[in-house]
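Look at the two complexes coming up: chain A is in both, with chain B in one and chain C in the other.
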Partner chain A sequence: MAGDRSADSGRRGSTRRRFLLGGAVAGIGAATAIGADHVLNRRPAEGEPAAPLNGEETVPFHGVHQAGVATPAQAHAVLVALDLRDSTDADALRRMMRILSDDAARLTQGVPALADSEPELAVTPARLTVTFGFGPGLVDRAGGTRPEWLRALPDFGVDRLRPEFSDGDLLIQVAADDPMTVAHAVRMLLKDTRGFASVRWTQRGFHHAHGSVRPGTTMRNLFGQIDGTTNPQPGTEEFERLVWNTEGWLAGGTGMVVRRIHMDLEGWDRLDRPGREQSVGRYLSNGAPLTGTDEFDEPDFEATTPIGFPVIPEFSHVRRARSDDPNEKIFRRAYNYDDPPSGSEISNSGLLFVSFQADVDRQFVPLQRRLDELDLLNEWTVPIGSAVFAIPPGCAEDGYVGDTLLG
Partner chain B sequence: MNSRKTASLVSLTAASAFALAACASTDEEEPAEAAPAADVIRMDDAWVKAAEEGMSAAFGELANSGDEDVTVVSVTTPASTVLELHETVENEAGAMVMREVEGGFVVPASGSLSLEPGGDHIMLMDLTGPLDAGEDVTFTLTFSDDSTFEFSAPVKEYSGANESYEGGDSEHDMDMDH
Partner chain C sequence: MAGDRSADSGRRGSTRRRFLLGGAVAGIGAATAIGADHVLNRRPAEGEPAAPLNGEETVPFHGVHQAGVATPAQAHAVLVALDLRDSTDADALRRMMRILSDDAARLTQGVPALADSEPELAVTPARLTVTFGFGPGLVDRAGGTRPEWLRALPDFGVDRLRPEFSDGDLLIQVAADDPMTVAHAVRMLLKDTRGFASVRWTQRGFHHAHGSVRPGTTMRNLFGQIDGTTNPQPGTEEFERLVWNTEGWLAGGTGMVVRRIHMDLEGWDRLDRPGREQSVGRYLSNGAPLTGTDEFDEPDFEATTPIGFPVIPEFSHVRRARSDDPNEKIFRRAYNYDDPPSGSEISNSGLLFVSFQADVDRQFVPLQRRLDELDLLNEWTVPIGSAVFAIPPGCAEDGYVGDTLLG
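Take a look at the complex of A and B:
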């Protein structure tokens, strides 16, 4: 296995084109494939730029770590949590993860899965990643050692959790820059879980469409806030230390927290811009702390107003989320959701909060405790779903995700 | 249509023959024996349909890298006591039906044969036990030259490939998905 290549991207080559043309081309030989290449890659007309298609971009599936953690967040994501059937024992888990890993290995490279009844929907990977997570129930069923933090989060006062958005034995995170790709991959994967598990919940999220904003732009949530400025950067020592677990079967894996956070857009509307900025401690325009001018300026919590109040209020989200302990940090990879409202509501929106951290109890829980105790944003946000998963390490080409636990 | 490939193969063969001739101590050339079919056949992307009992079918892409056609005459697997090589044909009524292929599957020289739902496939007529998703099933193909080739195929859940065959009970008598 090579190092972490999950952040790398490749471009689909001849394999994809062979599949585009169907079985007629596959296996017939190089000459035909070259012909197909020529036809499909017709020379652009004079002056017409040969625009590369984002749909052809791929993210490697195999590696030390699973993709979909350090991978720059794609535009669309679907998270599915499943409950294992009673009959699914350790041997069945092994079979299930082998099949699902094979599906994911193919689909992420723009190749139809085995028995893919819509192979034409598989040839546009658009940076597709498929990430598997194990809930406490699955690890128990496998007879494995459960990390201490792999359990439901402690109760927080702000929580109004609903079972239809909480917990689960197996998590599948499917993300790509194209919702068609996501839909097909989810369909294919779920077809292959039918004998082993049933769907417990499905949550969809989105960012800006691919190509709308410069890659690397920090996401905005539906309150209009820039969200995730202080994230550790993949590839840095800090990221490696905070995200990747190093123990036992989970070495090279990580811990995942999924929280569905309802955002009261109607209530937020009653708050004027200065109030909105005070509640977070950042400017809405560019995300700069109220004591700075640039998004990435360090907040100055000592700075005071002429009459002696902190410029960044004590109750602000930025202040409350911050810890003096450099290990009490998480890596966020959240998505927005905007679902159909019911009754007299006109919005049913929020944040599909996703964070990755090596140790949920040491990194996420203290942070969430501080926010639970005091965070003005709690006024307009309510956690309504919560789940914790262990994300096993990536696998080698001859392995499968979970083989360190099940193998 | 694959003339380029053929041409390069020819020149490659000529070059090898020349090299052989150059090394050989005798002027007499024996005609090259065709390699056993098993040596030139490859099976890609094989899979078997999951089933509790009764019948199932296996699919995949058989590729022949040799320069002669290869014929698969029979297949065995521990998963089924009886197997048949099936093709899909149109009957007198215009319906697509499955039947055992006469003379076996021909994998064309430098070509491939797709075994797929709605087309040619390996039929498992009498399963020895349930085929559970994620298991591996081993198959052994026998070719017309008596050489054999083994491959392994994972079991996958699949809702199509609901074929029947002549003599099957009517509850399985369904059209293949097209």
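Take a look at the complex of A and C:
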């Protein structure tokens, strides 16, 4: 890992393509004099459109906050949780986070990692973001102050947690609109961690492809439900208040909850459409509450049927998820998963639930308690993995993610 | 499975959106009067661009050949192989293929399956293709004539085949530019097969996202190599001759080889760049042969270095894959895979190799024999799955895939 890791990673714009090649050459020492268009593997022009490709879009890595939280969700994500080796002390953590931050800064800008073994796979950033999270074990190892909520969630009655999808010391969330980009970035970053940590779990998720549906369309999960209608919108005061922590080394950071929620598609199949809509409290067709006509209509929990029952059932998901306290709210950034079934499973599908909130205990836990008690959807969903991480703030170009804790 | 399965599935163009809703209503009996824009979950216009979305693009299902062979490769694919139940006789095969063909025709046009449980997930076809293949067991069960090559491939010395990735009676290849579309279509089609067959294996693969790189860019595998430069081009005489079978019930069909090739990314890492380029016989940067400067330059196998060695090594992949016989050639349509590692694996990545050729024994086997003997790449690649299928011709709107065998 010798070499100048600080240079260049902040460059942008018109010099990017030339730099790309510079990065490739520096990274792997190839003594070629091949031009950048060759590295990018372009065919000759032939009236090639001048419009930038989706794959060329970049999201800044450096800043007040880490990218990958407020960033509009990309089509593909891989979440990797690692366990620290016994020998990884605070000094080693510092080295690891410097190396990881530097390579993440490069890769997100379409620049090969410093020791990139396949630099040609690094040139399609496709809105790549890399987001690092610290588990309780890492903060302890660093000798830092651990926020009270940074620990395993309380037990919920619905949970059937499996260790292979739970907990971890270091979280790396890699997301981009191109699955090749994600695969390459995960590989490069995991190589950086090898001396310091080992992989505990890997989870993959997806949304609609970039450009497949209109921007701003709320995602659907694999039950066909519109999922996330009431999410706070990045850029609003509400989002800022709910998501970003303001205390100590975590100021500008946030708390992250990851839950792997198995969805019983076979059981759901046996439920008819009105039954499904009652269990959610929304129409499947467009996500409107059962008391409304448009997805973004406010649900009317007082409305009753002619014979006096609530139109939106008491036990429906939308009712149980709602609090009167405007601070008991989270920002969701979930992905669908659909992995190959194993054994006698017919499907292995569900939701890779991800939420960000400044304080997990005050925002996530009460909401999950209400859902745990009475949410009708519990019939067809089972949490099988759970983890909590502190997401440190972003870093400056001469810093690294975690420097407010480790620096 | 009652209901009129023949109607409507051939409609196209401007009536599609209205039909969409018709399909949804017919399929699941939802007595709503909600407009199609609601089903599509569109937000209000706000200067919405008029350009069609990637997700709205369709590939015709009916025709002389099945789609998904000459179709430019989509970003995502799932291949599922099924074993027939003992009770599935020729009559049952006929029923199954009718149902599958009908639902595939619908789904590929953005129309919900007849008994679609999540019709809202069906409205983003994203160039969806569904391609059916028959293994030896299915053709025998149908009482049909089995092409001589329709059997397990001969043993190759490099093979370490696992039954969980090999063989099968029925193959369903589902590919689209949107991973949500693929997940939903696989689920609907597997529901159609439940009374007739059980899943033997499922394999997932990907390319760059749609719109991420320029159309026509040759794919790279996870070694970073450009892969498929010399592929016959659909539309050419060479492609027609090499790919489409002309005999009996398979006229207009083809032969399919599926090989799961584990790639040892860790071992490959230890090889330097010149070593990698020698093993392939091409430059990693742009895929040009070591005797050329452009990807599509013809390799010069006679060229020697100043001290008399061949510039393109005798044992390089490009040399070993090349035959002097213009009929010993295949059409490749491979995908990358990158699955979560299990146990102590650091990565679980490789190539989901797919090739189409009119005659597997005459085209694929001699090529694979040459690679098996001496290809340097064998050092870092291991075939761990293998299957051969006959891909029947396409069908007319009033027919079904396999009707030339079963009809």
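Everything below uses one rule, namely that the second predicted complex is superposed on the first by the 358 of 407 C-alpha atoms of A that agree within 3 Å, B and C clash if a C-alpha of one lies under 4 Å from a C-alpha of the other, contacts with A are read in each partner's own complex, and residues count from 1 in each chain.
Convention: a residue touches a chain if its C-beta (ideal position, glycine included) is under 8 Å from a C-beta of that chain, and two chains touch if they have at least 3 such contacts.
On a predicted model such as this, the values are computed, not experimentally measured, just so you know.
A.B. asks: More chain A residues touched by chain B or by chain C?
C.D. replies: C
A.B. asks: Which holds for A:Gly157: it touches chain B only (first), chain C only (second), both, or neither?
C.D. replies: In the superposition, A:Gly157 contacts neither chain B nor chain C.
A.B. asks: Report for A:Ser117: first if it touches chain B alone, second if chain C alone, otherwise both or neither.
C.D. replies: Both: A:Ser117 reaches chain B and chain C.
A.B. asks: Thinking of the overlay built on chain A, is A:Gly308 touched by chain B (first), by chain C (second), by both, or by neither?
C.D. replies: neither
A.B. asks: If you stack the two complexes on chain A, which partner ends up touching A:His207: first (chain B), second (chain C), both, or neither?
C.D. replies: second
A.B. asks: Who does A:Pro179 touch here: chain B (first), chain C (second), both, or neither?
C.D. replies: A:Pro179 sits against chain C, while chain B stays out of touch.
A.B. asks: Per the contact definition in the header, classify A:Leu284: touching chain B only (first), chain C only (second), both, or neither.
C.D. replies: second
A.B. asks: Of the partners chain B and chain C, which touch A:Arg187 in the superposed model: first, second, both, neither?
C.D. replies: second
A.B. asks: Would you please give the residues of chain A that touch chain B in one complex and also touch chain C in the other complex?
C.D. replies: The answer is residues 28-30, 32, 34, 117, 191 of chain A.
A.B. asks: Can you list the chain C residues touching chain A in their complex?
C.D. replies: Touch residues, chain C against chain A: 28-30, 32, 34, 38-39, 41-43, 48, 53-55, 75-76, 117-121, 124, 126, 177-181, 183-184, 187, 190-191, 199, 201-204, 206-214, 216-218, 220, 222-224, 226, 265, 268-269, 273, 283-288, 295, 336, 338-341, 346-347, 349.
A.B. asks: Applying the document's contact rule, which stretches of chain B touch chain A when the two form their complex?
C.D. replies: 1-6, 44-45, 47, 49-50, 59, 61, 63, 110-112, 114, 116, 132-135, 154, 156-160, 177
A.B. asks: Which bits of chain A are touching chain B when the two form their complex?
C.D. replies: Per the stated touch rule, the residues are 23, 26-32, 34-35, 92, 94-96, 98-99, 102, 114-115, 117, 191-192, 194-196.
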